[in-house]
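What follows is chain A paired twice: with chain B in the first complex and chain C in the second.
Right, the complex of A and B next:
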């Protein structure tokens, strides 16, 4: 597989190694984040005039879903402000290992070393999102809550426990970062094998041991690499490289496929579809249910949401993945852990499908509501300021004639990509079961049909 | 050590600088003496603050903003223009009151069924005695009228009385009927009874007498500002009473639903101005009283502190227009 090492360029490498550009960006995002919290609490309760909504849920989310994750994977996690205050307290320094940090430094409990809590946190946020995404005060308290939980996690546990196991958005970024064309990997694994100190994990005077609790020498997927560049600083052999590669390269890797990640894929795909129905659909009753957070009707909506994301989509996918095994004649799939393996592996087909579903969903509101950004930058708290002379700009939907075509293209790309991924995974499973490659096609067929059905449903929800 | 200080400085400037800058600016804004007034739908609190004090002759700087839907800011019995308030878009205005007293500010946009409750007061302090409401007592109080009493007309016209047909009779009405006091104190039915008793109407049939009643109304209605009364009706009355006065405005169903509870002190269905018995039995003084006093819990707001006396009388004339035909059909 072709890879171009960005770190072969000296300027890029020194920029990545230096802590100053990173600190600058982190401080800037933290400033904007704190301003958003302040705006949400003190500013106007009108969502489209308050940066707690406009900057966070329109501008930031738009950039994250449309550009940051598809192109840079976990690049955002590098400069995300939420874990920074906790990490600085934990490390006792802003510029590398110098001071004595605070905190208990406990290990994250072994049974919880997965993303089930993250999945739950995402679902909780998703169930309340109609309110969180529109009411500045609620949004601000949720953001402040993230900050406080992240600080708490940093002071109790070692490294970035919040990002790795708790952050609701982190699960989204981590899963879809597998599709991105950017990766941080070791250049030569044998160098790591002979390096007894493993400073990339334990730390050195040049930097901290991997804050994400990953041994870079064994890194094969982007999922848990926060691109923080600490290993680039701590490796004495200059054995790490930031590469540009083909899209979705991690999806071809047969190892490290887990049920919690598979469920993340189901949850994210289901959430994109439900969001499209609630926020873009013509069903006022459904909207009212979603907005009535805490009420009895909302409880029904929440149960429906959970049923779709945790039972119906995974259940249907289980059926199609098992049908694929039957069609392929893969008897191994029904022995021991075979069922789980086939189900979990094929679920990664939904990574490109889900990511493009989110892109298509985001396209539908980013251009429609993007014109709120400039006015709210001029008057970030809705107090009547006009810092940049843009406060009076009215709402204008952009590219409304083109967006549906963009969505069609994105969804078709997602379908093609998912189908190709399904076939690749089926080939791996067939090969492991010593089945002919012809069987792989039969194995992939029901999964591709499932993806097609989902795509048609998305067409209906987003475009039709 | 130097780099650590630099890093700390960078962090302080960027991470804390932005929010601190915003907070300081805000503090400075509030210190500058501007009064921030938030408009919210009445269910969510209405005006906040709902009462403001300012010394007479001093400039009152207001920063007006809507926190939910579109509202507007107007001051009762005043010629100052209405200011529209769009959600989240603050507007600054400066007012000055030279006379001490209590002034009512209110919303003129149909922001919700309880829109009428969006009232606040500006208390202007000074040496003179503080006056509340209109300077003089409304006519219905002076007359001791029970404006809640039954006032249905027992004699009704066959068809809508017509000003044009009344004028075509070519009769000169006695001065009594053209006197303002007479007009205000008598319901159309009473005017009809009085006219019916006149010698000059012996030859006329009952409908023709009703046409003369329309002529009497027209004589007094034309002395007011018809355009202004149309605008006032459309702005302040039509939401409940309907554009055509049939009591079927956009908020009527809310009031109607409440009235079904049977509680007489709760909201009532809006009055139907097209109902002949109800309207032709009501004197202008009675209708004026209902407008300035309101419905006392029925959902009909009180307009005394909002309208000038001329506006209230003009609106009374407008209400009779639902009973009288002005143009020939």
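Right, the complex of A and C next:
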């Protein structure tokens, strides 16, 4: 597979190694984040006039879903403001290993070294999203809560426990970062094997040991790499490289497929579909159900949400993945851990499908509501200011005649990509079971049919 | 290749949709707007129909803005606002409340169906093609 090393360019390498550009961006995002919290608490209760809603859930979300994750993977995590105060306290410094930090430095418990908590946190946020996404005060307290939990996690546990195991959005970014064309990898694994100090993990005077608790020498997927560039600073052998590669290269890697990540894929796909129905559909009563957080009707909505994301989609996928094993004559799949392996592996087919489903949903949401950004920037608290002369700009939906075509194209790309991924994974499973390649095609077909059905359902929700 | 195939699918679907239309008529449709829904939430008309939407707001100021048609009208509570237009573009178009009306305002949405939705049927055909292309791309 072809890769182009961006770090071969001296300017790029020195920019990535320097802490100043990173600190500048982190300070900027933290400033905006704190302003958003302040605006949410003190500013107007009108959501589309308050930057707590407009900057976070329209501008930031749009950039994240449409550009940052598909192109830069976990690039956003590098400059995310939420873990910053905690990390600075933990490290006792803003610019590299100088001071003595605070905190207990405990190891994250082994049974929790997975993303099940993240899955739960995402679901909790998703269930309350009709309120969180529209009420500035609630939004501000939720954001402030993230900040406090991240600080607490940094003071109790070592490194970035919040990002790795708790952040509700981290699972989304991590899972879909596998599809991005950007990766940080070692150049020569044998160099790492012979380097006894492993400064990329333990740290050195040049930088910290991997904050994400990953040994870069063993890195084969983007999922848990926060692109913080610490390993680029601490490797004495200059053995790390930031590469541009083909989209979705991680999906071809047969190792490291896990059930918690598979479930993340189901949850995200289901959530995109439910969001499309609730936020973009014409069903007023459904919106009212979603908005009534804490009421009895909302409990019914929450139950339905959980049923779709945790039972119906995974259950249907389990059926089609097992049907594929039967069609392929893969008897191994029904022995011991074979069922889990086939189910979990094939679930990664849903990474491109889910990512494009979120892009399609976001396109409709962002272009319809993007015109709230400039007025709210000019009057961030809704107090009647006009800082940039744009406060009086009216609401205008952008590209409303073109967006449905864009959504169709995005979903078609996602489906073709998912079909391709399904067959590649089926080939790996068939090869491990010593089945002929023709069997792989039979194994993949039910999964591809599932993806096709989901795509048509998304067409129904978005353009029909 | 996928691009050519898509273009062919949509080109085939479009005339079929046009042929399915019937004689244009003048229609008046009463739409009630209240927090945060339209009643009826979906409106079906034929392509070429001359439509008058009578919008009645039952609580605060609402209105209707139709995606793809670039039309907008606001409706004060207790006063019926009227919007007349020719439904000359077929497909499905969301209509939204253009006036900030409360927390769920950005999601106050209805759908206008004009004639056949050739985009949807073209997309379904193209999806089958995309799935095949995805499988075919790893044939080696």
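Basically, the second predicted complex is superposed on the first by the 464 of 464 C-alpha atoms of A that agree within 3 Å, B and C clash if a C-alpha of one lies under 4 Å from a C-alpha of the other, contacts with A are read in each partner's own complex, and residues count from 1 in each chain.
Keep this in mind: contacts are C-beta pairs under 8 Å (C-beta built on N, C-alpha and C of every residue); 3 or more make two chains touch, one makes a residue touch a chain.
Quick caveat, the model's predicted, so the values are computed rather than measured.
Participant: Which partner does A:289 reach: the first (chain B), the second (chain C), both, or neither?
Facilitator: Neither partner.
Participant: Counting only touches as set out at the top, which of chain B and chain C does A:49 meet: first, second, both, neither?
Facilitator: It touches chain B and chain C both.
Participant: So in the superposed three-chain picture, is A:400 touching just chain B, just chain C, both, or none of them (first/second/both/neither)?
Facilitator: Second partner only, chain C.
Participant: Looking only at contacts as defined up top, I'd like to know whether chain B or chain C touches more of chain A.
Facilitator: The larger set of chain A residues in touch belongs to C.
Participant: Quick check for you: in the superposed arrangement, does A:23 touch first (chain B), second (chain C), both or neither?
Facilitator: After superposition on chain A, A:23 lies in contact with chain B alone.
Participant: Applying the document's definition of touch, where does A:130 land relative to chain B and chain C: first, second, both, or neither?
Facilitator: So A:130 only meets chain C here.
Participant: After the superposition on A, what does A:382 contact: first (chain B), second (chain C), both or neither?
Facilitator: first
Participant: Touching A:274, do we find chain B (first), chain C (second), both, or neither?
Facilitator: neither
Participant: According to the stated criteria, A:95 is in contact with first (chain B), second (chain C), both, or neither; which is it?
Facilitator: The answer is first: A:95 touches chain B but not chain C.
Participant: A:34 contacts which: chain B (first), chain C (second), both, neither?
Facilitator: A:34 contacts chain B only, not chain C.
Participant: For chain A, what residues appear in both contact lists, the one with chain B and the one with chain C?
Facilitator: 46, 48-49
Participant: Within their complex, state which residues of chain A touch chain B.
Facilitator: Interface residues on chain A, with respect to chain B: 19-20, 23-24, 27-28, 30-32, 34-35, 37-39, 42, 44-46, 48-50, 81, 93-95, 98, 379-385, 391.
Participant: Using the touch rule from the top, collect the residues of chain C that touch chain A in their complex.
Facilitator: 2, 6, 36-39, 41-42, 65, 67-68, 70, 89, 91-94, 96, 98, 100, 103-111, 117, 119-120, 122-124, 126-128, 130-135, 137-138
Participant: Of all residues in chain A, which touch chain C in the complex?
Facilitator: 46-49, 130-131, 134-135, 278-285, 287-288, 291, 365, 368-369, 395, 397, 400-401, 403-405, 408-409, 411-413, 415-420, 422-424, 427, 441, 444, 448-449, 451-452, 455-456, 459-460, 463-464
Participant: Which chain B residues qualify as touching chain A in the complex?
Facilitator: Against chain A, chain B makes touches at 3-4, 7-8, 10-11, 13-19, 22-23, 25-26, 29, 63, 65-68, 87-92.
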